[in-house]
Amino acid sequence: MQPVATTFFFYFLSAVTVISGIAVITRRNPVHSALALIVALLGQAGLYLMLYAPFVAGVQIILYAGGIMVLFLFVIMLVNIERAQKEEQFNKQWIVGIVAALALGVLFVLVYMKGKGLFPQTVAQLPEGENTQGIAMLLYRDYMFAFEIASLLLLVAIIGAVVMAKKRI
Amino acid sequence: MTERSSHLELEQADKTYLDSNELIINMGPQHPATHGVLRVILKLDGEKVLGTECVIGYLHRGVEKIAENRTYTMFNPYVDRMDYVAAVSNGLGYCEAVEKLLNVEAPSRAKYIRVILTELNRLASHMLWLGTHALDIGAITPLFYTFRDREEILKIFEKYCGARLTTHAFRIGGCQYETYDGFEEDVTKFLKFVTPKIDEYEQLLTTNRIWVERTRGVGVISAADCKALGVTGPVLRASGVKWDLRKAQPYAAYSDFDFEIPTGQSGDTYDRYLVRMQEMRQSLRIIEQAVGKIPDGPIMAKVPKVMKPPVGEVYHSIEAPKGELGYFIVSDGSTQPYRVRVRPPSFVNLQALDQMVRGQLVADVIAVIGTLDIVLGEVDR
Amino acid sequence: MPEETKAPTPPPSGPPKAAAPHAPAAPAKPAGPTPEPWSSGLVTTLKRQYGSGIREASTYLGQNYMVVDSSLIPELLQVLRDQEQFDYCVDITAVHYPQREKQFDLIWILYSFARNQRIRVKIMIADGEVVPSSVSIWPTANWLEREVYDMFGIRFEGHPDLKRILLPEGWKGHPLRKDYGIIQQDNEWVQINLGIESGQ
Amino acid sequence: MVPITTLHYLVVAAALFVLGVIGVLTRRNVVIVLMSIELILNAVNLNLVAFSRLYGLHGQIFAIFVITDAAAEAAVGLGILIAFFRNKETVNVDEVDLLKW
Amino acid sequence: MLDYITSYLKSDTTPGQAGNFFWAFVYILLIFLGLSVAVIAMNWLERKILAHMQVRLGPMRVGPHGLLQPIADALKLLIKEDIMPAEADPVVFWIAPLIVVITAFTVFIVVPFGPTHAVTDMNIGVLFMLGVSSLSVLGIVTAGWASNSHYPLIGALRSSAQMVSYEIAMGLAVISAVLMTSLNTDGTGTLSMIGIVQAQQAQQTWFIFKFFPLGLIAFFVFAVAMVAETNRAPFDLPEAESELTAGFHTEYSGFRWSLFFLAEYSAMIAVSSIAVTLWLGGWMRPFPHWLTGETWDLVFSLFPGVTFVLLALITFYSTIRMPKHPYFRVQTIGLAGFGAVLGLIGLLLFVPPVRDRIQDIYWFAVKVAGFMYLYIWYRGTFPRYRFDQLMKVGWKVLLPIGLGVLIVTGILGVVLS
């Protein structure tokens, strides 16, 4: 399949992602932040699709947007946000924080500019039709051990979350 | 209505904090599951009920006060407005109480007519209960079945006395109307019609796994608690007490008939359901016998046109579909009762709600309200 | 119910002490039942125990009742439940006699499952007199007493939550008292809470 | 128009990363801080997937592991948040100043 | 331009894969239209079927046999006042129904109504469907939260807990079906919806009968989970009328409410489509390998036309039975007209080129319609589960069964191939 209007879609999706990202960190109401984050995640899923990574895009939608964000919304609804909304939203070192983060961003861009030539010029041949199969092969063959560890990590996380959220420990 | 404060403090309702974990929910008075204008304030821990408080009185019409300002005869139609789904039972209780006060006895034909109509009314009441109870638990179909079949009973009422719901079927001293031509055939035809229908309801629900899971072990109340709380009727019988006023202290012509008192063992919602279903079958049995041997004769005893019962007081109670329905009437010798006290079964049974739902889930509250079979007209009077 | 008693003679007396406002109405009747003394083991036991506290024990139309002194109240009811098996409190109600000095009859209707017997226990109290609550004896008394309070204004001591039940909180007056008119309403309450001029 | 290269994706990822860092460093609300961390992780993911176009599927595998990690992190983080909220009735990160309560 | 349009007709892939935007757009429009008609028909059918189950007639007044009732309802909903609670969060309150409805419609991009009748075929088709339909829970949660009221909030929390839990059982059942697709010579399975149906075609069996009774059990798990996913009876707790009045959409009215309604029904159709695709052979006609040959092909290709002609006949019969009263004249004519339209469609479906192209869609729709009937039947028969029982069914019954089926399928797949 020949991608159509790639440039337009790239800029559109990037804009959606970044603007939602800004909304995430500036909204007063955590629910609005969470909704913005969901939009950012979906935009990113679109970027993954453009990068010929449909499986990751699917996982992104099903796990991030459908799972983790529901968890976030759930917790936001459990904790009373009305008072938190009226309080000061930013902490005292916000100027320092922004400056540091922007410096980091500038650093990134500089590194990319310098190191652009280090990237291979040829794009790896990754046909979309075999993406899932390829990932499966890698995941269950080469990264088998890591995969098992990840499942263990999830188990630990489940137990940890349950223990912490319990009423009386 | 904001005037009714409660010890559960509705102001707390805004707090959905995690630390307290207590949520106060106001169910009713406008709520599909409260069967009228009952308001239940629920104190919840998540979905678990920590306590309830019933706020009643929205339908209070001062029936007892009205009675003091009407003659005995004039008050008769008012009692139909209390338990409007079992109006005939209310009328029977009142008429018998006044007859007792007057020291007259209705002729036996009148008594048979009374039994037939009252038992038909019991069927109608139980059918309505079944339909709404099932609807509360989420089964929508039984409602339409029962309402449709209940219509047949109401048709008989309508043919007998011209009214369907608030029938005013009986008079003090007997019945006003002789049975219409074909009354017996109608009733027999109805019996034939309804017996398979009851089987059909049972087929829909009795072995339905979801129904059983939703009702078994829900709203359990022990026989001792029932007695302490004054709970009567099918609720008491489902807890294993074989007590029915029709047998214990027979009134009307009930001593002439052969029927059984169905009882349950565990006192949960499922048992109450079974008991009521059995009661419907027993009612059919009574009606069948009554229609078979209905005697001829007068239908009205000799009662004076202007009733002046001698000074005194009397308490008479009957087994209404919901439980013991009692009338405590004080006469001062005038044409108007000095005091009429109605002992409504729904009112007393509703008091058991708190005990039955404590520690259960919100969804069970609905099931329990349904299984108590309350009629708010009777609770509030 | 046991067989109904029929007395041939028509003495004009109503229930004792029940000084009904229309007492002379009775002689017009040709015949009528009268209360007869109620003699049974129960009454004997109670009389032995409480003496003159049991003022009267009668049967009227086959229904047994006793009039007792109001000082006996929580104790007698407890005894009736524990020793005499009256384990079911059918009803608690009151009757208002404004002409009497002790304005209220307070009546407990009790039933015994074991005996299949119903009795009424009646006391007379004055307006404003406080009666001990029987909620601890029969939990069902909770709402019944609340209703009596709501309708008659009789206060029960020791009731866990004595407040109005059928009428709204803040309503003035107790409707089942004889001096409360049939169309009387708490217009102030109606105006404030319902926003209408009058409930009539 | 210039064709979209890997570098473009990297710049978007950098922007997201910076936004995430700003959120973590400046916001007081723990929920939003956690969400900012998600943003950072996503920026990393975008990098990984973008590079996977150049170097083969391994990047995508890593992205999947990162998502797994994010799920675990969110679960534990929100668990901590709930426990914290229950004890202190606040969701402000600068009020988490006790080692034990 | 015309070439661009006609070029696709010769290809044998979906417009999305062929990269033909025109046809993709046409397909999207067709699906949108078909879905709207399906929801309207479903609304009428549900009320009618439920009514007949409950010995009553159902809508009878608006149009003959209430045929115009859904349209009247839709009209009423559109012109109703749009109420927003004073304390509600306006933005979120506004967005929530949109999320639900958009996700419900987006899913249909990959639904294969036929080997070429899908907007596109994705490599991750099933994953996409599950993922996007799982997004609708966001809409429900936000709707409940934005209403700023107790019942919607509880309804939303219940709903999200329910949907998240049943998604797992659903996913496991789906994976076992996906595993079955890999039972071919080169051992590569597929997540693509079209690929899954083609795998069933190649293996000459519907997956519901594969490794009997494994496929059946997996199908059962999915069939239960999908009812829970769509919040329908007996799992309709989030909108349990008798408990929470209407659950998360208590505060919604008018147009917004109708969006939730639309989304619920299209979600039902969507999950049914997944079930049909995964287990019931998708667009395949019954017995494609047993009753082969030209004659049978012809016989089965006549089915769509016959169905519509039958419907037309039923309509004509009802027209004759209409009361002969001047008042009903318009209705009678209307019903006859409706019957004529149905009959014409039926006759059109007998034309060979149409017949061949429409067949796949017809069989797919018939299978989905069977599920729709099941939904209605459940609603007429079952009481509602309690929340803890619902969770028990999800976690303690369906999840272990799903896991077991998955493991056994995997083992059997390895052993047998």
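We just call them A, B, C, D and E in the order they show up, numbering each chain from 1.
Rule of thumb we're sticking to: a residue touches a chain if its C-beta (ideal position, glycine included) is under 8 Å from a C-beta of that chain, and two chains touch if they have at least 3 such contacts.
Keep in mind the model is a prediction, meaning the values are calculated, not measured.
Chemist: Counting one step per pair of touching chains, how far is chain E from chain D at the shortest?
Modeler: 2
Chemist: With one step meaning two chains touch, work out the least steps from chain B to chain E.
Modeler: 1
Chemist: Most C-beta contact pairs, which chains?
Modeler: If you count contacting C-beta pairs, the leading pair is A-D.
Chemist: Go ahead and note the Å separation of the Cα centroids belonging to chain A and chain B.
Modeler: 61
Chemist: Taking each chain's centre as its mean C-alpha position, how far apart are chain A and chain C in Å?
Modeler: From the centre of chain A to the centre of chain C is 75 Å.
Chemist: Where the centres are mean C-alpha positions, what is the separation of chain B from chain D, in Å?
Modeler: Measuring from centre to centre gives 62 Å for this pair.
Chemist: Any idea how many Å lie between the Cα centroids of chain C and chain D?
Modeler: 74
Chemist: Could you list which residues of chain E touch at least two other chains?
Modeler: In chain E, residues 153 touch at least two other chains, as defined above.
Chemist: What parts of chain B, by residue number, touch at least two of the other chains?
Modeler: Residue numbers touching two or more other chains: 16-18.
Chemist: Under the definition above, what is the set of chain E residues touching chain A in their complex?
Modeler: 17, 19, 21, 89, 91-92, 95, 122-124, 127-128, 130-132, 134-135, 137-138, 141-142, 145-146, 153, 156-157, 160, 164, 167, 188, 190-191
Chemist: Considering only the defined contacts, which chain E positions touch chain B in the complex?
Modeler: The touching residues are 50, 53-56, 150-151, 153-154, 233-234, 236-237, 240-243, 245, 379-389.
Chemist: Give the list of chain D residues in touch with chain A in this complex.
Modeler: Against chain A, chain D makes touches at 1-4, 6-12, 14-29, 31-32, 34-36, 38-39, 42, 45-46, 49-50, 52-58, 60-61, 63-65, 67-76, 78-83, 85-86, 90-94.
Chemist: Which bits of chain C are touching chain B when the two form their complex?
Modeler: 1, 4, 6, 13-15, 18, 20-23, 25-26, 28-29, 32-33, 35, 60-61, 63, 65, 87-91, 93, 95-96, 107, 109, 113, 116, 118, 120, 138-140, 142-144, 147, 151, 161, 164-170, 175-176, 178, 180, 182, 189, 193
Chemist: Mind listing the chain B positions that touch chain C in their complex?
Modeler: 1-5, 7, 56-57, 60, 62, 64-66, 68-69, 100-101, 103, 227-231, 241, 243, 248-249, 251, 308, 310-315, 317, 324, 326, 328, 330, 332-334, 338-339, 341, 343, 347-348, 351, 380-381
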